[in-house]
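Chain nomenclature is as follows: A, B and C, assigned in order of appearance, with residue numbering initiated at 1 for each chain independently.
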Amino acid sequence: MGYEAWILLTGSLVGISCGMIGCYLIVRRMVMLADAISHSVLLGIVLAFLVSQSLNSIYMLIGAAVIGLATTIFIQWLYASGVPEDASIGIVFTTLFAIGVILISLFAKDVHLDVNHALMGEIAFVPWNTIVIFGAEIPKATATLLGITVVTLLFIIGLYKELKITSFDAALALTIGLPVTFIHYLLMTMVSLTAVGSFDAVGAILVVAMFVVPGSCAYLLTDRLDAMLAISALVGVLSAVSGYYAALWWDVSISGSMAMMGGVIFLLTWIFSPRYGLISKWKKSSTPLKEQEG
Amino acid sequence: MEQIIQSLLHDSNTQWVVLSTMLLGIASGVLGSFALLRKQSLVGDAVAHAALPGICLAFFIIGEKQFLALIIGATVSGLLAMYLIQLITSTTRLKQDAAICLVLSVFFGIGIVLLTKVSQQSSGNKSGLDDFIFGQAASMTGSDVYLMGGTAAVLIVTTFILFKELKLITFDPEFAKGIGLPLGVLETLFSTLLVVTVVIGIQAVGVILMAALLIIPSMAARYWTDSLGVMVWISGLIGAISGVSGTLISTLGLGLATGPLIVVSASCMFVVSLIVAPKRGMIAQWTFHKKGIAAKTTGSYRKEGA
Amino acid sequence: MNQAVEVKDVTVAYDQKPVLENISFTVPKGILMAVVGPNGAGKSTLIKAMLDLTQKSAGDVKILGEAYKPKNRTVGYVPQRGTVDWDFPTNALDVTLMGRYGHIGWFRRPSKSDVALAEEALEKVGMSAYKHRQIRQLSGGQQQRVFLARALVQDADVYFMDEPFVGVDAATERAIIALLRDLKESGKTVVVVHHDLQTVPEYFDWTLLLNKQQIACGPTDEVFTMEQLQQTYGGHLSFLNQTEMVGR
């Protein structure tokens, strides 16, 4: 596979895994929690580096999962103690992110870890850093993301109805004996893993964009959860591919451009969606008036 | 420590920077209190991220790093972001959290795209726009500092003049309308004050962490009092201390950005408030709870309730 | 063993303020029971406390002679209509099918027979024609019927319904009450939080009067007396009675 194909594949994998997880975040109204986790995993990565003194992605994944869960727990804990939810989120992630940035500047400056990289990623460098798996030489980040996408798919297919019912009606889920809290934390662990796996390749910002943009488009296009998941994955891939070519065209940041193209797709969906778009809304609200006149 | 005192005493630039980050801290503490009570804490986060494309566009148009122009660009894109969030929540079934996150990440993506373009054009001095991401108060020039400090002062004064009106539209907008206050005008004014606060703070604190300066001091202040008047003062004070201590530590020459230091200072004060504040603090709650349990086991609380 | 529900000394308190105190009653099998009381009397809280959806400060609840455990699948719960997200990407059939999830178990998909059961239940509540509608696009009464269909496919022995008659049209009200009687015929027990005093004697054979404390519990014709009602609602019964009629 060529250089370009690896980048397209990597971006698409981010789009698929974040896009599908993002659907659940949207219907559970937990998008800001994912935004928070995507920022605070930076601290997890730094701590993993400081403890292990290596940039091995296994340590990073563990560190990120731990800090991701810690973020969720801290937010939940502040919320339970009476802090409004949005303020709890704002306090926890900015603090953890700030600590992460300070630790990087103090202890990890000379290494491959730098803050701009964490923020914007360097998907352009992904194809150069390869490992050999089953005799094939493939980029490290792509391999990690491939693994994460497979886990995400297994998670969503395996627990499809459990995720659906706990998202839709937690009370019913409790009365039939499902561990609602456990499933919540499982989902948050998936968010952290997906975030950190994508982090290295595309940076925090695109991770957040991929969590929210494709799912939002899908939410405005369909009334079925399974269709929403599929459309979301598709929009994720579409943003990645169109973003890459837009970046080539203008010679700008690839991950920034992928987020931007996601925004363009959302704008189009918002206006033209046959079900919930602005145009159909405007048509619907103008028809009853005509009927009344007639 | 000595280093800090030295630069405070002898370096007039440091003195001005410290004074203006203090004013910034007060302004964001004060306006953050209103934002918190209006449940708009995270809107500030979106506005801060969304300012980036405005800054870059202003740079494109002017061709140099002129603080006033950048602030105007940032204010325009910040206000646009705020308006888009409202428009998305009112015209689609997406909820506010999704709308905030959507606008925030897409605008920031566009900002990064424009930033790469800017740094290609001004390859010589690299434009210094990178500083806007994490904040570098020390890199501000004299006139930037005056502008930031002056604007912050104006924000503080405006808020105090309109204190009771802002309090009313926050607490009971319907009633405010009923007694003849121009609700729409005041809401727009408040949004503008909030956006301007975020925008002038960006160079010192950075777009990613600016929202923290709105949220953390006001939430810490909430622990100490139930009166908005007092809360605004405490919040301003905590904001001021965070601004000053963050700026001073970053002058130590360890290469630390100002933003994260200001945020961590504010967080420390939040944690202290969370633990020791009277009535609402953890220690107070814990002793209260213990008493409550004692009452429960003797059954006396039932009589109180009946 | 012919008691469907046994509640003993249940107390619920929020922030040290008691919301429910020392509630104790039993419900025989095959009974339609109304839980009646003024706003804020703790009716919904009682149901939630019985199903462990709210923490009890004290007390025991037994369902069919055993301590309540969600896994036993003996209980079907129909929450108040306001509690779910109506924008959720799902349709009427899908919501009904969720009632089967407890029976299907982890990781497995609903089978054809589950779908058949769900369709049958929708037929019973007169909602077959709307099975592919997104739930926001249903009227209040139709939404309530879907929730009832979901409870039906749960195939529980004891049902708890929180205000199923609120905000529904007359046709839905008739459909619901017919359904409740069907359930009773097949030996199920149904506990309903109810608002409309006028219809209590007509619909229910057992009544619990509640106002933070238990006023009375037993067969409706014994419990539902003017004196007891006055004790439940304070001195404002006549006024309340009228507003209830108008308001509902």
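Keep this in mind: a residue touches a chain if its C-beta (ideal position, glycine included) is under 8 Å from a C-beta of that chain, and two chains touch if they have at least 3 such contacts.
Treat the numbers as computed from the prediction; the structure is a model and nothing was measured.
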item: Most extensive contact between chains (C-beta pair count); value: A-B
item: Chain closest to the middle, measuring from C-alpha centroids that were averaged per chain; value: A
item: Centre-of-Cα separation between subunit C and subunit A, whole angstrom; value: 39
item: Whole-Å gap separating subunit B and subunit C, where each centre is the average of the chain's CA atoms; value: 47
item: Distance from the mean Cα position of subunit B to that of subunit A, given in whole angstrom; value: 26
item: Overlap residues in subunit A, where contacts from two or more other chains coincide; value: 29, 219
item: Residues of subunit C whose C-beta touches two or more other chains; value: 87
item: Shared interface positions of subunit B, touching two or more other chains; value: 93
item: List of subunit A residues in touch with subunit C within their complex; value: 27, 29, 158-162, 164-165, 167-169, 171-178, 219, 222-225, 227-228
item: Subunit B partner contacts - residues on subunit A that touch it in the complex; value: 26, 29-32, 34-35, 39, 81-84, 86-87, 89-91, 94-95, 97-99, 101-102, 105-106, 109, 115-116, 119-120, 205-206, 208-209, 211-213, 215-216, 219-220, 247, 250-253, 255-260, 262-263, 266, 270, 276, 278, 281
item: Residues of subunit B defined as touching subunit A within the complex; value: 36, 39, 41-42, 45, 88, 91-95, 97-98, 100-102, 104-117, 120, 130, 133-134, 208-209, 211-212, 214-216, 219, 254-257, 259-261, 263-264, 267, 270, 274, 280, 282, 285
item: Residues of subunit C defined as touching subunit A within the complex; value: 51-53, 69-71, 73, 75-77, 79, 83-85, 87-91, 94-95, 98-99, 101-102, 104, 106-107, 109-110, 134, 150, 154
